[in-house]
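Each of the next two complexes has chain A plus one other chain: chain B in the first, chain C in the second.
And now, the complex of A and B:
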């Protein structure tokens, strides 16, 4: 009885508690959601984990001496090596989940009406995460990431007009003493902006979720809490295996050394999550080529709802699904080809895979979806 | 008969479910605690800071009648080795006759009575005191004097005269052995 009085006392002053209770217990959700449908929730959980580990790292990180301050974190801070490995492997987990989410969206045509906006939020989150991931990569201040930052900042000084103004504002001129200190701030602020996009994504996908009522409907608790719990445990299990057995997964081993402005390492290959985009980018020549490559590669993803010509009721055909699987292999191929380091064969493969990537979205997707819809 | 057995089975299932629920919740809480611990631990002092906060100083090399100055927690710390005469002069001073009453045993560690460890800042105007070296000005009690306001301290760091009204502070420290003291 006394708890009831207390609950009403609190909820009268804080109505959000009652709303939360309704959210968790009201029976208005469909049964049998697929486990892969929980990917956005897992991505958000991983983002929270990244924010927590990033907070600890930012306490000790010194942009003026990026590499040695990470060494200090690894060696002198209590459990610092673990927090560092959490942050490093958390990147792999987030990008793994985001790549899987995008391919599931393409494969199941989740981008089709009324899901266009949710899809666009998903791609926007991916784009922003790539930028945040690249900034975090430069903050390692390793032998390889140093050159990624230096060439980007140097190229940025050659841009003119509005892109040049934005780039100068972002990097503050050529890479130097203070660059990493300012990039820490951008890394943090943009990472928090990812949460904002995740919130939009959540609101959008809740709005288009099918409404269920009556005996078929189930409540969030305990029906979905237990499902989320299982998904989270599996996710955490993969995460801990990677943290403890492969903390540097998909990184260029040369980046384990400190940045040296006088020595260019033999292979300037990016971490795995940046590799596909880096490969597409490398195909386009010139200073603006890199930017065009990134914008085009992400642009076709944004435009996908309108590249699919199957109409509102078009069914997903076998050929389309096959093409999506080939696209997945194509993106893996892009990453592997660029990670193999510079060679004539790798250059040709990157070109072929890039052509196929754009061919898939700009030609094959409209064609196949239109043919299969009939 | 049948009804009671169904009822019994139902109760058993209920208690089993309760047990699983408690087990799951406690497992989850322990897991969350284990995850949270490295984050909390990492925000504690790092190895460098911890070592500096628990600095070890060798006092074996300090000559009688002199004091060394070390910096700990941002404060100048004076470590002084007393002569037999200084001990004899100060041992039986009646504490109540002093501006800030403190006995000889209050100012030294038992077993290591010839070492005085104090914060070397005047308790009036905060100035570093003079008198570490035998050739320095030490005032009438052979201790320390403040160059700023003229306060006079005895070798135990008790104030004897001057604007200052408090004895010199004694930092947290322990003797590890005859030769080493550790702060913090």
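And now, the complex of A and C:
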């Protein structure tokens, strides 16, 4: 009896248990959601994992001696190497899931009405994750990431007006002794902001999910709990293979050495998840070029719901789907070309792939979708 | 896992009974390579001897402490002995918690070239293990005729640009191996490469052992999860 009284006392003030019960048991979900539809949940699970491993790292990380403190974590902290590897490879898993999510969204036209806002949240999450990922990369304080930070912070000092003010506030001037301690804070705070976007994304996608009822509907538990479990275990399996048997996948080996302000390494290639954007960025000249490249590359993704001219009932045709697959190859090509290091051929390939990237979104997408809708 | 590894360990001890190193030079291979690779502790110990006798004269390894050497299979007493034999700059003997003694910096010694720290050298170079071995064994008797060497430089097949400020460090018989292994220049290079690979990635053995357990567990869990999911959805009709 006392349990009932307590339950009612709590539920009168905080009806969270009743809501959870409704969430898990009410039969209001469509059958047969595809596994790839669970990607946002996996991304959120990976974010939680990153926050947990990041918390452990942040206890030992020292921005004043970034490289040495990571060596300390790897060599002297009990199981520190494992937590570090979790955080490092967790980045690969998050970006793998995000890139797949974006590809699927473009391929299936999930961005179309009423999905525009959900799509925008997804792209915003990607944009913020890129920034958080880059900050984490600079925190490794390696021979390569040092120069990424130095050139970015030095370029930022040349900006004027509002961009200059924001950049000064962010970097605090040219990269120096205190910069990494500063960026640790931004890395953490912006990572928490990613959770906020994930929450918006969740609320948005729940609001536009088709309502089902009657015999066609199933409850979350046990049907979707069992499916989420499969997805999570497979995700963890892939993660384990990478973290234990390919711990530095997609990283520039030169970054394994400490930062040296007197030596520029032979190849300043970023980790794989930053590579496509870094390639697009490299095409635009001038101190504003990098910013313009980033804004343009992400801007076309944000604008995609309106670049698709097929109208509310237009269906996706074969040519459009083929073009999306070509776009995926194009982005992989961008990453490979920039990762190959500086050479004349790589420079030409980066330019060609970048032109194709913008051609796809600004010309081919409106054209093909309009033609195929007729 | 320990149960699975025990026979392996016993077998390796059995083979180790004849003490000398197996021929890992033709073709060149390292036990730590491959998906389930692990360090050959005998090779690491020999490699440490080469490091200590030859490399440490000019190179630092600032991320390593003498206490870390227990991972090479040395007993605590042996490690304490190794540390006690090292005289630090102030004349005192090194202790287990000291980092490897850094040699005095001699700016003019190699025409201004600074010997790099060796703690992470294998990680810092693409295919680092093979690179270090090829570099150490990559000194031909004479440079090709069409190459004009810079003053104070030596021709090296592996070094980017082929001109390196480090003279050939290993001549063969630079050390006397306690286990009877022939100390050829190639053998010394292979052993010190193995040691430097350990220095750069000391957790490889644990990583592979834990990884095998994790992957096997998750593979079985995947099968169970898929079976349970299918059963639950079949009953929903």
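Here, the second predicted complex is superposed on the first by the 361 of 374 C-alpha atoms of A that agree within 3 Å, B and C clash if a C-alpha of one lies under 4 Å from a C-alpha of the other, contacts with A are read in each partner's own complex, and residues count from 1 in each chain.
Following the convention adopted for this analysis, a contact is a pair of C-beta atoms (placed from the backbone, for glycine too) under 8 Å apart; a residue touches a chain by one contact, two chains touch by 3 or more.
Everything numeric in this text was worked out from a predicted model, so none of it was measured.
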Clash or fit (per the criteria above) of chain B with chain C on chain A: fit
Touched partner set for A:25, first chain B, second chain C, both or neither: neither
Chain B versus chain C, judged by how many residues of chain A each one touches: C
Touched partner set for A:58, first chain B, second chain C, both or neither: neither
First, second, both or neither for A:230, with chain B first and chain C second: second
First (chain B), second (chain C), both or neither touched by A:247: second
Which of chain B and chain C A:218 touches, first, second, both or neither: second
Touched partner set for A:256, first chain B, second chain C, both or neither: second
Angular separation of chain B and chain C about chain A, which is computed from CA centres of the superposed model and rounded to the nearest 10 °: 50
Which of chain B and chain C A:82 touches, first, second, both or neither: both
Smallest distance from any CA atom of chain C to any CA atom of chain B, in Å, after fitting: 8
On chain A, the residue positions that both chain B and chain C contact, one per complex: 75, 82
Interface residues, chain C side, partner chain A - complex: 35, 63, 68, 117, 119-120, 123-126, 128, 160, 200, 202-203, 207-208, 210-212, 214-215, 218-219, 221-222, 225-226, 228-229, 232-233, 236
Touch list for chain A against partner chain B, complex: 52-53, 56, 59-60, 72, 75-80, 82-83, 86
Chain C-touching residues of chain A, taken from the complex the two chains share: 31, 71, 74-75, 81-82, 85, 143, 218, 222-223, 226-227, 229-230, 233-234, 236-237, 240-241, 243-245, 247-248, 253-254, 256-258, 266
In the complex, chain B residues that touch chain A: 37-39, 41-48
